[in-house]
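Below, chain A partners chain B and then partners chain C, in two separate complexes.
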Partner chain A sequence: MLVLQILINGLLLGGMYILLAQGLNLVFGVMGVVNLAHGAIITVAGLFTFWFATHTQLNPLVLLPVVFVAMLAIGALLQRSLLEPLAGVGRKSELLSLMITFGLSYVLVEIGLDVFGSQYVSLPNLQTTWSLGGLTINEALVAAGVLGAAISGALQIWLQHTDSGKCLLATSQNRIGAVACGIDVSRMRCIAFAIGSSLAAAAGVLIIMVIPLAAQTADSLTILAFVVVALGGLGDYRGAVLAAFVLGIAQSAVGYYGGGDAESVVPYLLFILFMILRPQGLGRAAQAQ
Partner chain B sequence: MSFERDTLGRQPRNRLTPAAAAFPSRGLQAYRAVAGLTILAVLAAAPLLSSGYILQLATDILTFVALAYSWNLISGFTGYVSFGQVTFFGMGAYATAVMVLHTPIPWYLAIPIAVLLAAMAALLLGAVMLRLRGIMFALGMLGLARILAVVAANWSFAGGAVGLTLPAQLTPNAVYAGAWAAALIAFGLNAFYMRSGLGLSAMGVRDDEGAAQALGVATGRVKILTFVLSALAPAAVGGLVAWNRSFIDPTSAFDPNMDLQLVVFTLFGGIGTLWGPLLGTLVLMLVGEQLWAYVPELQLALYGGLVIVVVLAFPGGMVGLANRFGWLLRRPIFAPRSFPAAIVPPPAPPSRPPDDTILEVRDLSVHFRGIVALDALSFDVRRGESVSILGANGAGKTTLFNAVTGFVVPSEGSILYQDRPVGGLAPFQRARQGIARTFQIPRLMESMTVWENVLLAAQHGRLSRRALEQTAWALHITGLAPMWLESIARLTPGQQRRLELARALALAPTLVLLDEVMAGMTRDEQEEIRGVLRRLPEFGVAAVAGIEHVISAIADISDRMIVLDHGKKIAEGAPAAVLRDPVVIQSYLGEVR
Partner chain C sequence: MTQAIFDRALRPLALASLAALLLCATPAKAEERPIVIGGSVSITGALAVDAAYHLHGLQQGIEDANAQGGWLGRKIELKYYDDKSDAGTAVRLYTKLITEDNVDLVIGPYSSGITQAVAPLINKYEKVMIEPEASVPDIYVPGNLWNVQGIAPSLGYLEGVLPLAKSHGAKTVAVLALKSAFSLACDKARLEQVKALDMSLVYDTTYALPQPDFSSLALAIKNAQPDVVVVCSYYPDAVGIAQALQRAGYAPKFFAEAIGPAEDEFTKALGPIANRIISNTSWWASLKTAGNAAFIAHYKATFHQDPDYHAASGYGAIQALGAALNAVKAIDQAKLHDWLLHNEVQTVQGTFANDPNGAARKFNQYLFQIQDGTRKLIWPLADAEAPAQIPYTGQ
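After this line comes the complex of A and B, so read on.
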């Protein structure tokens, strides 16, 4: 029963992690840039949701579409002003873009600190727990896990089965090939970053219901998202889904036996171990077999 | 990653060179050294005579100068950006604190021991972490700092989450002196490093790690050594700060914001330069000191914003701006004042039986996830031979070269070089044993001069007089001597290919693998290269294998031709016979009806 409990919590956590990581994955795929401000966007969106929901007494899920759309615009703006000037291929562009997002993350975190303070907050909504034959299931975790997986799945369907989505996917698979097919790659980069930011913001809205956030947690969320993406193999969606569940279950198990501190180290340890043992990622490894 | 291309475009002023070092006016150097030391001594003494506030500020600046220089070593030169140098700061702080508290070792001995421990830790960690590339390494280091913070917080011996309090014996003057020592050592390390063979190799890693391997650079060793060097000053500074504050806890010892500051200071001053870290730290800390009094809560946001502004507006930092006026230019490594007049050719190789086998490829197969690039290929290259490898695009020619040079692991079969299997050797080891190659698309080191590109290959891990002679010779022979101090961006495509060839020859190779060395060249350039290729035996090159599409350019200088099609050998023999072979014609021109 304990195993089942850990498994269910881990899977739900994993569902949320998929959404957490997908934006990062999309941005990396299309732009070749790891967005170090990803966690900061998640955090600021989460803290905004908290502030909004506690002031208006509205259900935070109402905010989800609003935050999503707002972040699309902000993301597009950020991409056009900060990242597009550096667009290119090769290590130099990659590292310069990395520096930009590194700087951006501090700007966002500091704004978050000044506006929302440094205390950890979490929304009190959806705190019912359901008991099912010895299992206790948290309503908020179900909402976040299921919604996270659903949003991410919907996006993936859009990417794979619509023309506009396919353009984006094609760009992430082969930039030169995409140019040759008449795809406006610069526009794709903008769209990818906008959607990536929106996904991060959506993840923030969901996370604030489950995990307490403060502005300074931004970095660890970036790492968490990156770990999922890296474990799955950069740019690989199915790998990322698998990695999200593995990480969720591992964290939920380690957290049960080792407490919060041990749980927080799991992503880093998994990341370093995995990068050394299997740098090609989970998804690729599964495909090869 | 290089931010100093501007540095190299102009005629550089190279004042300190091995040749020049032998005859400088000693008096002038001594005068300069005395003047420099006097200025330093006055600068160093001034804070001692002023208020405690100034002394503390000076100490803080010096510690950050030391830290920024250390970050510059690993991130600026090897291009492996670290977001976790605070790891070594924390290690130094904790090791010092634990030694002072739990052993009779006094603090001034504890800090050097802590530095030694951190260096050993860096050696072990480097061996693991530096296998991660680019972004993976950057984030891996960030993660490592977090892991250590959690470990420290849960380790009661190290004080746990509460931290450790050291016996309060604040000795600001001693700490100030220690900070000076750390800053000077870190600066000296940088200065020495960027004029050494190690620094040259590191810049090779930064520009193109794979090409550096092909030129005989032991990239792993270079990265790890640099990583260890970059851990020294942070550990020392960590120990000093722990002693200075007489208190450390996991949050302050492994503060991720410290890495932000290092990134900002170094970027602002100029990453990968000698003066950048000093200038950036001085300016930003002095300005910051005034500014934070007004907007204390915006410090990190302003630093973050500054990173963005610097990267977008002036990625070379202050040094990059100075370069535009011809100031603070980097000197090309070990470049003499003028191109050497006397060209010393490589020593003649020991005479060997004329027809021993240089390269033996047996049943070589390479598969890429189901795609067969090479299929049970066998051939020999004997001493004195020049073999051309032909085939349509995708026939597996470059894959063959990649397998021979160690860039691709064969799925089956064996490769013997001078009768010894090379399967277990890294690409750089094969290069050092005499297998040189050029790349189909030139992979030149874009932040270096022509001279340095060749020297990188000639040095074989350490710099000697012979390496300089070899470099000059290779440039002379390929006709690149007139543009020896140019940056790569100024070369024509033909010159870039000639530089590829010069680099390969600088290795003093026995076997040379040329991957379309004549593509994109004018007729005259082709003729010049053909002249060099004909003379290769004189230079000690025992055998040549070349991939070429310009068949007319190679038919008369090849002893033998091998034709590949879909990874298989379809023909082999004398050029005239092979080029008439109907199978070959069909493979090139399609089905003959």
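After this line comes the complex of A and C, so read on.
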């Protein structure tokens, strides 16, 4: 029963990691850029959700579709105004884009600090805990995990089974080939960044109910999301899902048996091990077998 | 000819008059210049919630001192920068405050860890520094001459919890601690107390921030089934661990967290889970300490919130510094330091008195409990406003 509980905790934690990482992965896959503002978008969305829920007393989940759609527009605007002009500068464009997102991250964090303050906040919603045959499952973690998995599933279906999704996937796999096939790569970059930003914002709405957030937690969220993406294989969507669950279960088990310090180093230890032993990531390793 | 005589006679006279004016004017201007107290404050970062109360306490203390005419006939000003809850940043900021801003006096930052980093700098520049938020004992040793503690030592944080729990039949204990100077000192003291009280330690771990998930630690605690859970925490982890225990479906009979529950943000973040959590304070509104009623009234009027013990520590540090300055009657670092180590000052948080190493020796520690959304002093029993509500229910 204990092992099953550790496994469930790990899967739920993995669900949260999927939420954190999938937007970053999408942007990297299509644009070849690690969006360093990813954690800042999550954090600002989370803080906005806190502000909204405490001022309106409404369930924060009602914000999820609103924030998702709003961030589509904001993400598209940011991509068109800040990143797309760099697409034509050749080999330096990815480095310049990285630097732009680095700057954007700081701007968003400062906006978050000015608007919402510097304190850590969390929402006391979805606090019900269910007991099933000796196992305990929390509503907030289930909501975050299930919605994370659902959003990821929807993303997979869109990528695999729709024309626009296939175009995006093709662009992420081979940009030159995509151009040769007549795909509007510039449009794909815009769509990828818009959806990536929306996924980050959706993660913020859900995560504020699971862990305390403050404007300055943005960097640590970006790093954690990047570790998940790297473990899965950069730009590999299925790999990131697998990596999120593996990481969640590993942390849950190590935390239980080894304590808090040991749990903290698990993501980075796995990261180093994978970079040395299997730099292509979990997803491509699994596919190869 | 007349012009030459006039020049010869009047020019020296005019110059002499101007020099006299300047000589007279310079000291007068210096007297009017405010006394500037410099310090760093964690406006942002993991310590920001608690540090905001510390800053408000300093500001209120200075405002009240100015309302009473200031110190040495001069107004007092606070010059502070955001150290982002980072010790390295704080060291740079104190260097700037001392060497570039040339502040008259320095006041300690928020948290033991940041103060530990700044302490060598204070010794180097020989500036007396009252440290209203540095509770660890390691700072107050012979080598750190210029550091003066302005808060109750960390060894006493949550010290009433285990005796209180034992008196209600509790036998088993879990202790968790954040890896920070304060929390580890608190952790060490509580682990020793478990042994001294002949209780059984069933779980013990440390963790670092940012820790996004406490579910595995909560599961380990649940599996160990302790009667008492003691967390040597700051605000973010205090919230995270309370949430994780609730999610694991475990509610120990006694649940105590060191730093965090004193702030209103804590109850807002946790909702009903916060009910019956026990925490530590070195100050309380109902205590009859020097100037306490006026402090609370002024603080509420200025900041529209209740003060906590961090605010009281900041306020008390200004009270002590003012008493020293008014006694010494000069901004003389050595004399101020000597006066602070050899005199007692009655402040809002009790008697400000220090041993030869600068460690506080007369502040008291209390326990409070969140009871139906309000905080009640529950220990020591002589000062208690209400009996402890047992058990913690986690909902």
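The rule we apply is simple: the second predicted complex is superposed on the first by the 275 of 289 C-alpha atoms of A that agree within 3 Å, B and C clash if a C-alpha of one lies under 4 Å from a C-alpha of the other, contacts with A are read in each partner's own complex, and residues count from 1 in each chain.
Convention: contacts are C-beta pairs under 8 Å (C-beta built on N, C-alpha and C of every residue); 3 or more make two chains touch, one makes a residue touch a chain.
Since the model is a prediction, treat every value here as computed from it, not as a measurement.
Per the definitions stated earlier, placing chain B and chain C onto a shared chain A by superposition produces a clash between them.
Of the two partner chains, neither chain B nor chain C is touched by A:274. Applying the stated contact rule after C-alpha superposition, one finds that A:104 touches chain B and leaves chain C untouched.
When the two complexes are overlaid on their common chain A, residue A:254 makes contact with chain C while staying clear of chain B. By the document's definition of touching, of the two partners only chain C reaches A:119; chain B does not. Of the two partner chains placed by the overlay, only chain B lies in contact with A:94; chain C stays clear of it.
Legend: residue contacts after superposition of the two complexes on their common chain; A:9 is shown touching chain C, with no touch to chain B. In the superposed model, A:158 makes contact with neither chain B nor chain C. In the superposition on chain A, contact is made by A:129 with chain C only, not with chain B.
Once the two complexes are laid over each other on the shared chain, residue contacts for A:86 go to chain B alone; chain C is not touched.
Comparing the two complexes, residues 113, 220, 261, 264 of chain A contact chain B in one case and chain C in the other. Those residues of chain A that touch chain C in the shared complex are 2, 5-6, 9, 12-13, 16, 54, 113, 117-124, 127, 129, 131, 136, 138, 140-141, 210-212, 214-217, 220, 224, 251-257, 259-261, 263-264. Interface of chain B with chain A (complex): residues 1-2, 79, 81, 83, 128-129, 131-132, 134-136, 138-140, 142-144, 146-147, 150, 153-154, 256, 260, 263-264, 267, 297-301, 303-308, 311-312, 315, 369.
Listing the residues of chain A that touch chain B in their complex gives 34, 82, 85-86, 91-92, 94-96, 98-100, 102-107, 109-111, 113-114, 219-220, 223, 226, 230, 261, 264-265, 267-269, 271-272, 275-276, 279, 288. Those residues of chain C lying in contact with chain A across their complex are 43-46, 48-49, 52, 84-85, 176, 179, 205-208, 210-217, 219-220, 222-223, 235-236, 239-240, 243, 246-249, 265, 268-273, 395.
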